[in-house]
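Here it is: the structure, laid out below.
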Amino acid sequence: MFQNRAEALALALPAAIFAAAVFLVPVLILLSDGFRNPVVDGVGGGWTLSAFTDFFSSSLNQTVFLRTLRLGAIVTVVSAVIGYAAAFAIVSLDPVAKGRVTGLVVLPLMISPVARTYAWIVILGRTGIVNQAFQALGITQAPLRILFSETAIFIGLLQLFLPLMIISLISALENMPKDAIPAARVLGANWFQVFWKVVLPLTREGLVIGGTLVFTGSLTAYITPAILGGSKVLMLETLMYQQVAVSSNFVAASVIAFILIVMSFAANILLKRVATARNKVRAAA
Amino acid sequence: QEKTLTISVYALSQDEYKQIVYDPFQKLCGCKLVVETGNSVERLAKMEANKASPVVDMAVVSMADALAAARAGLTDKIDTAKLSNFGKLYDLAKDPNGDGMSVGYTFYATSIAYRSDKMKIESWADLLKPEYASHIAWPNVTTNQGPPALFMLGKAVGKDTPDLKGAITAVGEKKDEIVTFYEKSSQLVQLMKQEEIWAAPIGRFTWAPFTKLGLPVAWATPKEGQTGGMNVMIVTKGSKNRELATQFMDFWLSTEVQTKLAEKFIDSPANRDVKVSDEIAANLTYGEETARSLKLIPSATALDNRAGWVKSWNEAVGQ
Amino acid sequence: MSDQAYLSLEKLTLAYGDSVAVADLDLDIRRGELIALLGPSGCGKTTTMRAIAGLLPVRSGHVRLDGADITHVSPNKRAVGLVFQSYALFPHLSVYENVAFGLRLKGLRGTELDAKVQSGIKSVGLSSFANRRPAELSGGQQQRVALARSMVMEPKVLLLDEPLSNLDARLRLEMRTELQRVQKETGVTMIFVTHDQAEALALADRIVVMKRGAIEQIGSPQDIYNRPQSSFVADFVGFENVFALEGGKLKAAGSLFELQGEAPSAAGLAWRPRMVSLGTGPFRGTVRGTSFAGDHREYLLDTPLGLIKAEVEASQPVHDLGTELAFDLPAHKAVPLSQFS
Amino acid sequence: MSDQAYLSLEKLTLAYGDSVAVADLDLDIRRGELIALLGPSGCGKTTTMRAIAGLLPVRSGHVRLDGADITHVSPNKRAVGLVFQSYALFPHLSVYENVAFGLRLKGLRGTELDAKVQSGIKSVGLSSFANRRPAELSGGQQQRVALARSMVMEPKVLLLDEPLSNLDARLRLEMRTELQRVQKETGVTMIFVTHDQAEALALADRIVVMKRGAIEQIGSPQDIYNRPQSSFVADFVGFENVFALEGGKLKAAGSLFELQGEAPSAAGLAWRPRMVSLGTGPFRGTVRGTSFAGDHREYLLDTPLGLIKAEVEASQPVHDLGTELAFDLPAHKAVPLSQFS
Amino acid sequence: MPNSLGRNLFIPLTLFLVIAFLIGPFLIIVAASFSAGDTLAFPPQGFSLRWIAKVFTVESFRASFGMSLFLAIGGTAAALVLGIPASYALSRYKLPGAEVIRTVVSAPIIVPGIIVGLALLRYIVVPFGVGISLALFLAHTALVLPYAVRVVSASLDNLRSDIEEAAVLLGSSRTGAFFRVVLPNIRGGILSAFILGFVTSFNQVPVSLFLSGPGVRTLPIDMIAYMEIVFDPSVAALSALLAFLSIGIVFAAERFLGFSRYV
């Protein structure tokens, strides 16, 4: 019944054409700016990679690039770790509790990013709850300076994107063959081995989707790094915003955008690789 | 069909503007006023993008942005002959950039808001003192307050070159101690309240909330003086409503409107005929003398060096 | 066979939340025994198996294996194998890796590992499929991988949950033989769940019939097949005609019926279809249905006693629907039931 | 039974992409007939059914129903019903609404609709479940809803794909009876797929045995059971002992063996386990396995002819493993096969 | 599966920590909304409803709330109208180029929002004279499309396809089968796609940053503009109100349709 290609195309193409026309094409044109010589007085044009070599020759840009990469990677890894624990806990709940808890987990997505970021200023401040708790518990003597640092951005991004990871992993865990974990247990695997050898490979799709969302989100977030980090902790996205809004340098902005997109794609591919690598090795053995 | 005038302004105090400026003007001209708000860089970037078919007829921006717009060919000369209130303006508001493309409508001072119980500020350089540096916020170079504050700091440390290198280096050396380089001045009230910071250079127009914090916050008068800025009006090149725009500008510059805006502490007047009580004056940047005393960065300097500032700033602070 | 219990369940109670699935179950199994667990859907067979494997916490009672109390030992340390009804193969691993999974965890490597895995795969006849993924195998092949995966671990006890339920008739026979061979060769203790009576009869040393979380009867296949003790078991093992006895008379459809010959004293009596004599006897019934079953033919009769099932040799002439026939429920062939519910 | 074909498949070829699943299939079915489709997994049974229903485009050939060529008629206009192996009930609709679904589309409303739906539900004994959702029903009940849903449409042909495969033994028997009753009452033409031989024997008017996308044999249940024509069919219907004939001698394990009595001239011979005489005869074999099967006992013998399966009454004494026994493959009982593959 | 004390503690503890972390900021915001002070603080200083009240007096919030609501509802609905057929084709048919189509429709997720906004402004709005409202609508539709396709595909994959065949065999047309049988069964998935899309669109900042024009702007952008200069708890109050609105919707959806199963 589902063999008619024309039918399938008629259904799928409107969305694809729409996305291509209003999204892909304009974005690609904009991105192509990064590969063109600027036209000055009618001279110039043509393709070049000079904008990229320029970009990476600046030590500032290198720093910002690495910082963005690092933060993105850390947020992704940490949200994966916490995400698995949380998703495990959630899928083991009864259906009603599961629905409620899932609701709470997605709550951060519904709070305006602006207000949420300000709430972090309150929480992470010198007199904020975290510092008060640390001092009360004797972990620190003086207030820690958490705000306006990579740590603050990390916390802000983690809270922002953890829900996406948890949701992806919940559905991955629920789609996992029901008896795979018990089977591994009965075959002698401890919990760590169960996770590493069975759960991880079987929830790979969810991890890849969640990981891509989190990583890409972290790279392209704007408000959180701008307010919680400021120019002390520049990220590629804030740098790009400067290029567009302050310097009207669309070429530089295109270059940064292109780099961000490539990073997202690369992360997606890397995540797929990481999750499959173990099995490839096995199959060869 | 009803005529429509589109203006682009700062987001500040829109409710009051509506009451004092927009609504009365709409009644006056029998036209519709559409207001776009945002910070000046974003608005300018959009004007640039819309160059071919301008959306905005008239905008208010900073002096430097006005020059930038003029250089980018986004603005037209203002027909000052048609501004009945032109003569009443302070001289330095009449043609701030000397190109006939803009008219000033308000001034603001930029100085330092600080906790008078925790510190004493006599010079811009005091902010970087070791015992203070870890309690201050500094405006990011991309904000309107950033360059003026650096400009003054340059004077204080005796290195006031147009490229602001000296000041930027001085700030850069303290970057780990300085609490933050703020983007949005609204943050500062929150930070001050939480005792995250004791001091920050701010524009006078954001001063009011600090006075309501219930903390001893004072407005500094450093020995190098205060800096500040002038906001100006421009008309967009290719605007189809030039007449209306000019009419609107004239209305805004009128003594009546400027007085009302001053009395609400919204804009310090640029109209010489505006008279306010001392109490009100104390909360504004009032009077031609005061205006003249502000150490402003010339627009051309600002413009020519802006990219360089951002670059050296990012290098000193951002890595 | 020694009389000493190798695996004992003592007053085992198992529950999901508040609902008790298995209550106070006692069962002793000897080393090397092959036990079949029989019972209707939802009676607690899988639950019991999961508890023995340690996958389900025990509410109360004990599980003892080879002298040690393993009630609270975690499943990866029990040396109990479990073949899941769903196979539970690891879909991301090849047949080879599925079988190697547990051995690797035991620390086996290199040629030792390879030898064991290869022989395991060979014993279930899948040598040429070693590199396939489970999704590329037929149901029966998957089943055999699951079996091999558990077998190579050389568990003390092997639990099999409806291990042949998804196979077609021929494959089922093959696998039955395979299971028997393996059991004889390695002497492993096995418990298997099945809903197929023939399977239980063919394979088991003893059959345990469960009913609503409790054991209804334990016995040899012959016992269970020929001497069910309760109407429940009789009904379950194919005595299609089961009646209560009251004062020596059959109680059916609300009335009492006298039998020819002396009825044994019991709570009830049961006849298999082939124990019903068709053609002569004191009762009469109308043919309601008939079906060919290879070497015999089944009849469904509408009678004053209710529906009666009878069987005759397939070679005999067929009675048409609607024909009235005489029949007898011979008292001497009846199996007495001590419990009637 | 009229001799005229009601449903004909003519040189039907069906393929998935490049792989041909069914090739040049010819089959004529009379009105009111009940056909069982038998064959190993993957032989094309489901494929054929889907093509008859119009769910799969026909590569070449024709489907004719009641005189009309329906090869290219869309499935909703064929008046062919299909009961999916998976039931395919609409999960969001109650039992009542599931059954009413097709009738509503036919334009039925009000009391007429209600009467048909109620009687449909009643005929499968689910009147008290009318308001439940499919998820709240047991497997057998769901099956019956699927059946009722197709039945009320009064299709010209009803196709049933492994309709009883997911049920336990007791439920299966009940459903078999139900199917038979429905078929007798409405006279609908039915084709059902099954992997259970007993089911096919019990239900079908004719059995079609398929092998790799083609028909291997068509015949009555008795034909198929007692007179398989090929070694494939014999093997499939439980003739465990199937041999080729060469010059009147059995060819087994690479050698030729003489039979006692005169061998029929054929390509091969086959014996069911119970046709093998155990205890006397010219051949000898060692008991390799034995299993209790209720009223009989099966033996697996290791013999010069290969493995031989024999069956004896369960009441006879058991032979231990390893015992050597004489046996015979009586020529007069052998079933001659015209094809040996 | 659980069989040790450690595991029994693991679940509640993990959940407590994760949820505390995730909704901590929300609690601060709620507290601030009802506080009497001029800044956000925890614990709140006094109790008052003045910030809540203020939200309703800021005129521009009303207009931009309307805009955002229109975008969120309209954009998400449009994304679903495009996305549902596409998901259906992707999950039911063996389509040549399926991967390409999947990549194209899900690309908006990985492109920085600012770039999307800028690209649309420069290559759609300006050259084609498209209005800002329409551009915003197109952008938000494209932005939500990936979520729509992903979530709806997931529920379609969980729905057996044979029920459609059954419906057709019972006399329904193909389209009829979709509306009668498929749609009712994936409505939970559609609803959660809608909620996810709604939330994404409603809180979207970067894309809308450049796509705002005179009198046309989204609520988050309006809030940012508002707090360029002042940040008083009215922004928090507004966020809290919006969040409560969303929570209300989600819990209602969960209650009626079992949302979490489909995400």
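For clarity, chains are labelled A, B, C, D and E in written order, and residue numbers in each chain start from 1.
Quick note on the criterion: contacts are C-beta pairs under 8 Å (C-beta built on N, C-alpha and C of every residue); 3 or more make two chains touch, one makes a residue touch a chain.
Being a predicted model, the structure only gives us computed values, none of them experimental.
Listed here as common contacts of subunit A and subunit D: C, E.
Across all inter-chain contacts, the pair with the most C-beta pairs is A-E. Rounded to whole angstrom, the centroid-to-centroid distance between subunit C and subunit E, based on C-alpha atoms, equals 53 Å. Subunit B and subunit D have Cα centroids separated by 88 Å. Averaged C-alpha coordinates put the centre of subunit B at 37 Å from the centre of subunit E.
Looking at subunit A, residues 1, 3, 118, 121-122, 128, 182, 185, 244 sit in touch with two or more other chains. Listed for subunit C are residues 54-55, 74-75, each touching two or more other chains.
Subunit E has residues 1-2, 40-41, 118, 122, 165, 168, 209, 227, 231 in contact with two or more other chains. Touching subunit B in their complex are the following residues of subunit A: 59-60, 63-64, 118, 121-122, 125-128, 145, 147-148, 226-227, 230-232, 234, 239, 242, 244-249. Chain contact summary for the complex, subunit E toward subunit A: residues 1-2, 10-12, 14-15, 18-19, 21-26, 28-29, 32, 40-42, 82-83, 85-86, 88-90, 92-96, 98, 100-101, 104-105, 107-116, 118-120, 122-124, 138-139, 141-142, 145, 149-150, 154, 161, 164-165, 168, 196, 199-200, 202-203, 205-206, 209, 219-220, 223-224, 227, 231, 235-236, 238-240, 242-243, 246-247, 250-251, 254-255, 258-261, 263. For subunit A in complex with subunit C, the touching residues are 177-180, 182-190, 193, 197-198, 201-202, 204, 279, 282-283. Across the interface of their complex, subunit D is touched by residues 40-41, 138-139, 168-170, 176-177, 180-181, 195-198, 201-203, 221-222, 225, 236, 238, 274, 289, 291-295, 298, 300, 314, 321 of subunit C.
Residue ranges of subunit E in contact with subunit D, taken from their complex: 160, 162-163, 165-173, 176, 180-181, 184-185.
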